[in-house]
Amino acid sequence: MKNYLSFLFVAMLFAHTITAQDTDRKIQFPDIDGYLSLKADLHIHTVFSDGSVWPNIRVEEALWDGLDAIAITEHLEYQNHKDDLPNPDRNRAYYIARDNAKAHDLIVIPGAEITRSLPTGPGHCNALFIEDANKLLVEESIDVFEEAKRQGAFVMWNHPDWVAHRPDGVARMNDFNKDLISKGLIHGIEVVNDITYSEETIDIAKEYGLTQIGASDVHGLVDYQFRIASGNHRPITLIFAKEKTAESMKEALFAGRTVAWFNNNLIGEEEWLKAICNASLSFEYDDYIGPTTILQVKVTNISDVDFILNNTSKYSFQRNARIIEIPAHSEKTLLVRTLESLSTVDLQFEILNAVTGKDEYLTLDVPVAKKK
Amino acid sequence: MKNYLSFLFVAMLFAHTITAQDTDRKIQFPDIDGYLSLKADLHIHTVFSDGSVWPNIRVEEALWDGLDAIAITEHLEYQNHKDDLPNPDRNRAYYIARDNAKAHDLIVIPGAEITRSLPTGPGHCNALFIEDANKLLVEESIDVFEEAKRQGAFVMWNHPDWVAHRPDGVARMNDFNKDLISKGLIHGIEVVNDITYSEETIDIAKEYGLTQIGASDVHGLVDYQFRIASGNHRPITLIFAKEKTAESMKEALFAGRTVAWFNNNLIGEEEWLKAICNASLSFEYDDYIGPTTILQVKVTNISDVDFILNNTSKYSFQRNARIIEIPAHSEKTLLVRTLESLSTVDLQFEILNAVTGKDEYLTLDVPVAKKK
Amino acid sequence: MKNYLSFLFVAMLFAHTITAQDTDRKIQFPDIDGYLSLKADLHIHTVFSDGSVWPNIRVEEALWDGLDAIAITEHLEYQNHKDDLPNPDRNRAYYIARDNAKAHDLIVIPGAEITRSLPTGPGHCNALFIEDANKLLVEESIDVFEEAKRQGAFVMWNHPDWVAHRPDGVARMNDFNKDLISKGLIHGIEVVNDITYSEETIDIAKEYGLTQIGASDVHGLVDYQFRIASGNHRPITLIFAKEKTAESMKEALFAGRTVAWFNNNLIGEEEWLKAICNASLSFEYDDYIGPTTILQVKVTNISDVDFILNNTSKYSFQRNARIIEIPAHSEKTLLVRTLESLSTVDLQFEILNAVTGKDEYLTLDVPVAKKK
Amino acid sequence: MKNYLSFLFVAMLFAHTITAQDTDRKIQFPDIDGYLSLKADLHIHTVFSDGSVWPNIRVEEALWDGLDAIAITEHLEYQNHKDDLPNPDRNRAYYIARDNAKAHDLIVIPGAEITRSLPTGPGHCNALFIEDANKLLVEESIDVFEEAKRQGAFVMWNHPDWVAHRPDGVARMNDFNKDLISKGLIHGIEVVNDITYSEETIDIAKEYGLTQIGASDVHGLVDYQFRIASGNHRPITLIFAKEKTAESMKEALFAGRTVAWFNNNLIGEEEWLKAICNASLSFEYDDYIGPTTILQVKVTNISDVDFILNNTSKYSFQRNARIIEIPAHSEKTLLVRTLESLSTVDLQFEILNAVTGKDEYLTLDVPVAKKK
């Protein structure tokens, strides 16, 4: 059977060569000042709990999406294919994905989804960077979290707004949740899960100092669930890490250096939103048009975000109303009516798809100065 | 030569048959309650003043754009091809365009551009629906406007922000302008001209009761100047008229029933913006999702506007942040978190590209009720 | 856990609602005279042999592709996930797919891939419409085929050109293959497998009276393997059946009523190629242009094929060279130079992507007559 | 009025800046061995005969299309706007276009269209590179051609298949034409004019040694007549010249070094078709796939042609039928079944859209050798 397999391998490799034509879908964000901007999907299922694909497919999808990392997070307490897949090792899906990723520059994070009920229990939580998922199989909810802590896990609260737990789709804390957080057993929260988003989770994150996470929670295929062929993207978390390593990502997650990327929105804390927006958008002083006091400012967007700006400067623009769209990976020239000829112009924008809270958006101060 | 011409005619007709493939660029807006929404470009030049095409091309361009009406508005006092085109009849371009339009459902409005200087004079103004452009060739500025009035013309003030007159690109009134308005000799104002827009013209329009106009002022080719192949459109005025006739349009213009359509922005008075937005967007109560209190509301947009909505409702949405885009000619389902099951839900949106003034946008109240 | 599951069900249903936007990829062919044109993929793997997805994903992919039928054809002698999936029932994948398809108008055909070696053995063969895959698990190759016959199976020879068996990628018969065919134990042959095609298989099909099949043999994801997002399609077999039932498809396969659809090529016997091309393309006598002898003939293509025609008529066309492309789902007007005014014009085309053999293409005679 | 004009100039310049977004439509062909491949449209009208635009528009259109040269070729004997444009100087359109082109790298060729009737007269002919169009205004047809010769003009026979002269749309020689050619007064022929093509003109070109020309003969707008926004192109002539000068182009035209580019077809003499196809397409020996005898050959197409190849090699390909499309500006890997491992493989293709005559196509021999 050796020949069979080696030929199979050649054929598969060949078939899966990813061509230039296919790279458009790769998610692209620039690094920020001082950190790499790592693209991670921290919530993923396979056939080993209630997903529908073998773990290697999760690696392939991640490569097509240009991700830096994925976490395999099977339900600890729920495997609906158990009759067919009786293997009791809760690390099995991780091992397969990790082995498949070896040939690629993709980090696979070992994880597990603690699957408890709300509103009485703690709900669902992902323990990431764990040593052994099997040891998390304990009766009492609190004990699972204690064990996760023993393993040094970063623990995030999943979809607190899930309609199966909260029929109004609104996230709320219960005593169990508060207790876990107060004990340092939960460190992050999904402000975005799958195709849903709930603005009150941002408030919870801010009030309780939790790291904001966006994740796919994919069970079927990424391409179908998130309509990739129509130009959409899966939700991910941008993790601002010093290096491209699991260790460095873990450090960044505990330090809260993240932004969620969902449905053309960046969601997160002001500091990190500002960092990624500043890295994505640049504004360049060009020239005044002839003898006028109208300044050309060239805007360049090197990210995947179709930015929606609200011009809150004291200056208006000759060709645009106050709301201006700067599509992903594009350039645009703004014609700023500065009223007199200036060598420095202070522009200001509210970025309407950089969300810091309910009805709250990032304000970006943009000084534009003449080159010397 | 008869044969020659008739064959030429056949060949041209054939070549210019407009196929289904080409209809995407046609500008489309629904009619509003009580009025037709006529699409008009009220400021156009040809070789007979300082444009670069024969008048028949203006008719062709208008047909490709799906317009209902164009006005031919040659400069009265400026013809830079005069040596080649010495014909002194200022109605000549209009006659040619009108004859070319006869086979089509396109209204050609006779007009002329009064071309006087700012800041000392009245600037440029279009007199529309005139009887004879030649009679407007008089020395004194004020006399031209008096003659236009005698002919029953609707007169609009063109590009008050034009940098050739106002080097800071900011529109301002002078005594001459105020005098003309007070005498009822000017009735409209370009809030949009060519590729420019200036928010202070909206204030002037509102303060002085002028009809808001958006127009192309095209000299070269519409397709190049407005990047049609890249999906853009020329600026036009939506005129809300009772019938598709020149007379009815004139009545609507005097009555101020217009909205300007520019660079994906609707600009105008609240009443007419609300009318066109209500006609363009519909919201339909669908169903609650299973046992949840999350209501599906189907939004349908039948206009060319890529609407940018700000959800100012008391309800948030399960899948969207507060800023929501509803692309032209599309449907989208909003998942409204109503907290309890309701048979009527009051939604409210600020439409960020329906501009009523500087930093002012149309607010649309949208009651969504269960069908009986 | 009941609540959990029902909510999950709602969520999945919702997420997987297929919108209008996604229907472009659905494979579309018209029915032919006397038969339905059923779209089938007769060679598919899942995790239950060496594929990478749970069987429900194969159903989803088929729905996205607009297929009428899929066959689940796991390797009988090869399961590389056996350690994780020890279930010995070789019908298991079929059962799961069948249950998933119940809510949809998709036929799932029970099958199995007999996995024997070439060049000494018979190679790989799919037995379709079987009663019980487990009974095919017998030692001797010939016995498997006898058992398939007992179950009434349609048996096809898979990828006779497979490089793992034939390092030059050229299909060749061995004694075993000839013996099986002579005994009526093999009825079809893959002229297309996955992303490969070999013209000599068409000769084999014709010489031995085998039904021509195109199939995906998909192991990973259809979308990635066949670059669906770039506008490509998976290989399928068009089966010309009297009804949309498994029984009727089986009858059509035994009767040889198929065409393979691969990489924008139709491959098959002349009779059925002609039928599907005639159903796809229509030619309509329109009018002579003015006083000329140039006739307008409107061509309409209602299939997914981008047809490449070679005009072998005695007439040439005014606007086209001899090679003419008629894109999928489009209309085009040909200007035929008939030299005199005719009420019937006999056109003839070689269809360069309707392949009947090596360097052999379908010739289509197209009489175009004036409507009365 | 100085200010007025200078501002106008600034505004127009700005408005007409051609952005990266608009460059896709620029026609692109590589240079061939020993010559530049200059892109020229040698047949163009403006308002100064029976066209509909001022000459500056022809310069703009050419810049958008990325042309190297245009010829202004007004009808000598026909000006249907004469009443409005009484200027008798037949060079006037050329002068204006030339002045407009000065700021750009575009050559404007002075020309004139001799407009005589068929079938009794010589038909229409363009005299190019003339000194003075006015001197061509003489009574007798033959005298015009003699005068053109005196001016050193390259003279081409326009649309010999024009339905106004030939109601069956078929080009035929008359005695006058033969006489002109025999006297060396006609040097080229339009095998393509506007949206028409007639294969018998290629035979005439070959029989009489005439240079093959494709030209737009545009009267209205290039963008509308040739459906540019739908991805089409105007017909042009590729002129293989030593330098980018009018003189060098004239030399090349007299020497017959041209290929016409029409509706995705290259039409011309074998020598020059082969040169441009060899420059456009490259084939690179890559590697054999694993232990097989299947060779990967990488094809690169750097031209605007969507090539349609017919593989007439003795080898077949693993993934393609004999007809293969190589889209403009793309790469594709062919998998060649060489049956044994070879260091040199002789491929051969018929290029079905490189037309050398009626039913005749360029054959390209492609030796592909292992790199050392």
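When the chains are written out, they are named A, B, C and D in that same order, and each has its own residue count from 1.
Throughout what follows, a residue touches a chain if its C-beta (ideal position, glycine included) is under 8 Å from a C-beta of that chain, and two chains touch if they have at least 3 such contacts.
Given the structure is predicted, the values throughout are model-derived calculations rather than measurements.
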Self-check item: For chain D, the least number of touch steps when starting out from chain B
Solution: 1
Practice problem: Starting from the Cα centroid of chain A, hunt down the chain whose centroid lies farthest away. | Solution: D
Quiz item: How big is the gap, in whole Å, between where the Cα atoms of chain C centre and where those of chain D centre?
Solution: 42
Exercise. Starting from the mean Cα coordinates of chain A and chain D, work out the distance between those two points in Å.
Key: 52
Quiz item: So which bits of chain B are touching at least two other chains?
Solution: 7, 163, 195, 289-290
Quiz item: Across the complex, what residues on chain A touch chain B?
Solution: 161, 163, 167-170, 195-199, 263, 265, 267, 289-294, 308, 310, 316, 318-323, 335, 337, 339-340, 352-353, 355, 358-359
Exercise. Could you pull out which chain A residues touch chain C in their complex?
Key: 1, 3-4, 7-8, 10-12, 15-16, 21-22, 25, 47, 50-54, 56-57, 60, 64, 78, 81, 83-87, 92, 163-164, 194-195, 219-221, 223-225, 227-230
